[in-house]
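Letters A, B and C mark the chains in the order given here, with residues in each chain numbered from 1 onward.
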Amino acid sequence: MVERTLKRRNLKPKAYMLRPMAVTLRETINHTRHSPNTVLYPWEKLVIQDGFRGRPGLVIDKCIECGICVRICPTRCIELVEIEWKDQGKIRRPQVNMGRCMVCGYCAEYCPKNAMIIAPDYELAGYSRQDLIYDPIRLQYEDRPGCHIDVIEVKPKDAHNLSIKGYDAKTGNELKDVPEVEDKMCIGCSKCEKVCPTDAVQMVQTGVNEKGRPIKRPKFDEDKCVSCEQCLDNCPKDAIKMKEAK
Amino acid sequence: MNGLFIFLQGISVWLMSIVGWVFDFITLHGFADWFRSPGVVFFLTNFLAALVVFIVGFLISITFIWEERKILGRLMDRRGTQVGVLGLFQNFADGLKAFIKEIIIPDEVDKWIYDAAPVILIGISCLLIGLIPLSPDFALANLNGGLLLIFAIFSIAPFAILIGGWASNNKYTIMGGMRAAAQLISYEVPLLLSLVGVVILAGSFNLMDIVQAQQQAGVWFIIPQFLGCLVFMVAAIAEVERIPFDLPEAEAELVEGWQTEYGGMRFGLIMLSEYVRGYAASMVAVILFLGGWDGPSFIWPEIWFIIKVFILFAVWIWVRGALMRVTTKQILGIGWKRLMPLALINLGIAIAIKMAGWL
Amino acid sequence: MSEMWLNMGPQHPMTHGLWNLRVKIDGETITEAEPVVGYLHRGWEKLTETRTFPQIIPMADRLCYGASLSWSHCYCLTAEKLLDVEVPERAKYIRTIVLEAQRIGSHLMWLAALGTDLGSYTVFLYPMRERELFLDLMQDLCGARLTYNYPRIGGVRNDVPANFERDFTRVLNHFEKKIPDYEALCDESTVFHMRMDDVGKLTAEQAINLGVTGPNLRGSGVDYDIRRDDPYDAYSQIDFNVCVQKSCDAYARYRVRMDELYESVNIIRQAIKDMPKGPVRVKPPRNAVKGKSDWAHTEDPRGEAFMYIIGNGDDHPYRLKVRSPIFVTVSAAAWMLKGYKVADVPAIMGSVDMCLGETDR
């Protein structure tokens, strides 16, 4: 039974207009005695909690160029561009168009190495559209507690198991979708081996065809795969499908 | 000749003596004598008095805007204006902004009347500043029919609003103008009826005599004339078009009502004239009901008077913060059906008190 | 006097959004009304055809930015039915708490908009001040204040932070003392009653025929609430009352929403007490079955939100249809306005609680 914590009063208008005036007088005195509820921005600023979603940030050294952030962004504002970086020469890193970014946090949530993180930076105004495109050097941000997003999931069969806490989806193999190839459609072109960012695809010889040439088929390493789906996109015969984790 | 004129006469004699000395130096003795003559000194005294009274009244009514924004801010749990020391420069900043805005006049307005409406409005508002004395020593004019003249000038406003709304050639402004005219004209009657009680008790229309009557009787007229004070307050709030009676310039329905097509400094003048009329109405209310400049003698009577006006205006701001807008039909209903009988009852009370000889 | 058509909008200080209300007036009385919507159309339903199932969740937040969580939650329910996903118990309770907090926030914003329409800026700022507290709670939970991106297909994004129960209880205790303040400024003021009593009448039969749902329907006396009649999430295990008012005018619709504020506080308290432990997120399947379609409906703060989805065999939907409650109520506005004065228009439209984002999609 719902217990009422507040006794309802009679809500008819009283004394023509004196009740609203009494309430406002009490509030005026309160707001003069203690300061009002306003914050004099930009001279005073509010304190930001951990986990506040500001603009995306990048840790350049952790990125593996897998392209998951490019694929998952709902507004298509991330692109991989080439930069010169220290002693590694030319590498490709993400560039974010903040004019289009909707600050949803998906790039940080789906990044397998926590290279894309959330920076609690919200003062993002610029003077032109060109100013709002953050190239990888400008996008950098230091990874601190509260800046990266952890995904803790369970398998569908464990949904009502109250004692299990869940697996970290970015490490471990329990929840991963791995690719699998359809033998009949594969032509052994090795394109999937070339585009894989983590070297999880190895072309192995499975036999010899009628002309004596070796038949190569890809073999997927479950431990290294990050489910980036690059092999899926680049297969010329659409022979690769994702096998879902059970 | 009250204290203000005597002080300013001294200043103008001194000024004209300097001008005369300059002309003597250039050996133009005719001009020098003319400058020092009593006629020119008299003219200069009156001119300076008008200037001083106008500037003081203007500055105080601008301070009213500051008071409104600050008190309304604290009521709504926010700070009021912040520009300058305690926010006092905000109105000058707003005036400067209104000056430098681009003036956009729609094509099809009636040019002469469109220009004339704000001019009439600000003219009559500023005329009111000169007619109300701040104390026996600080008055520009002390007319025997002063109260009547003040309210006659007050009532030209619905005319200016109506023609302003009509000339703008816009459906919204026509409706706003007609609503404003209906509201202002129908609230003139309770306003004037509530005055008559005070005039009966005091015996004259002269503002200084009314205050003197309160000082002699020893009691401010709010006590025997409580109903009259209430009716005057409500009618004055309706006359000045403040919330809860501000339907003619209601934002939610009619953009700005009859002021929609006025931009830049014209709008600035219209807004200023509303505050000046509010200032004049509060001053008259303080003189009639709250004793004017009556008070202990350790502060100047002018300062005492202004303090009372500020406190009264603070009550009007409090009413504005607490209540909502009332619709036209209900405004007219309140004016005719509730306020007028109260004013008549109040008149009866005043006559009874005078005949019984208590005051 | 001749009748004239008056355009209220699309550029208008009436705060509800970007739409045009054309009224035909005879002096000051309204004889006909014609709403014109579509200024905010963004092609939402077409955009979803090229996005994967998880990518649509933040887009559904932008459907109605005033109550964004109820729309992404409705989409998650639909997608869970399509993909056959079971949600853990703890996630159901968290969703209930957050939905009711969203309902309180949405009703407070409605009250603020009603205050500006009626001319009282105090009634604008007091509810907004309390809404800030609820937005701060949501910011603690998921990092954003207005568009949360919090429900996921298969649960919610993350578990509650450490001080969740303490913060929520504090805010609710403070908020319950403030609701009588709003009632003192509105209900107990004669001016408010003069403006809202006996205006904008919509009889129960008219409301049902026009398809109006939610608090607008309950203000006309019809006892229908999806949370009780077709429960989803944890509503079947929580005890609450449905608020109905009998007089069909604007004041009744106002009163229904104020009562719902009290009820939401009670629902949140019960849910916090009864919340079980366990996981909060289930991994959903990637692809949908080709040709399978499913639907789900929820009780949005404005009415009944309904979504219908058809699968395509891979990870995009083939078609996603949204039925928004205010799109229907806008056409009922024409019936509510007939015979009243122009000065009553803000009071009537304010009591309907328009949000243009979901009307135009």
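Here is the rule we use: contacts are C-beta pairs under 8 Å (C-beta built on N, C-alpha and C of every residue); 3 or more make two chains touch, one makes a residue touch a chain.
Here the structure is a predicted model, which means the values were calculated and not measured.
Closest to the protein's overall CA centre, chain by chain, comes C. Each of B-C and A-C has its own count of C-beta contacts, and the greater count is at A-C. Separating the CA-averaged centres of subunit A and subunit B is a span of 63 Å. Subunit B and subunit C have Cα centroids lying 47 Å from one another. Rounded to whole angstrom units, the spacing between the C-alpha centres of subunit A and subunit C is 28.
Of all residues in subunit B, those that touch two or more other chains are 75, 77-78, 321-323. Shared interface positions of subunit A, defined as residues touching 2 or more other chains, are 17, 20, 23-24, 27, 37. Shared interface positions of subunit C, defined as residues touching 2 or more other chains, are 122, 126, 129, 185, 189, 191-192. Across the complex, subunit B meets subunit A through its residues 71, 73-75, 77-79, 82, 318-319, 321-323. Across the interface of their complex, subunit C is touched by residues 1-2, 5-6, 9, 11-14, 16-17, 19-20, 22-24, 27, 37, 49, 51-53, 72, 74, 102-106, 109, 118, 149-156, 158-166, 169, 175, 177, 242, 244-245 of subunit A.
Per the touch definition, subunit C reaches subunit A in the complex via residues 51-52, 54-56, 58-59, 62, 85-90, 122, 126, 129, 132, 139-140, 142-144, 147, 149, 154, 157-159, 161, 176, 179-181, 183-185, 187-193, 239-241, 262, 266, 270, 276-286. Listed in rising order, the residues of subunit C touching subunit B in the complex are 4, 6, 8, 12-15, 28, 115-126, 129, 185, 189, 191-192, 194-195, 341-346.
Here subunit B touches subunit C in the complex through residues 72, 75-78, 171-172, 175, 243-244, 246-247, 250-253, 255, 321-330, going by the rule given at the top.
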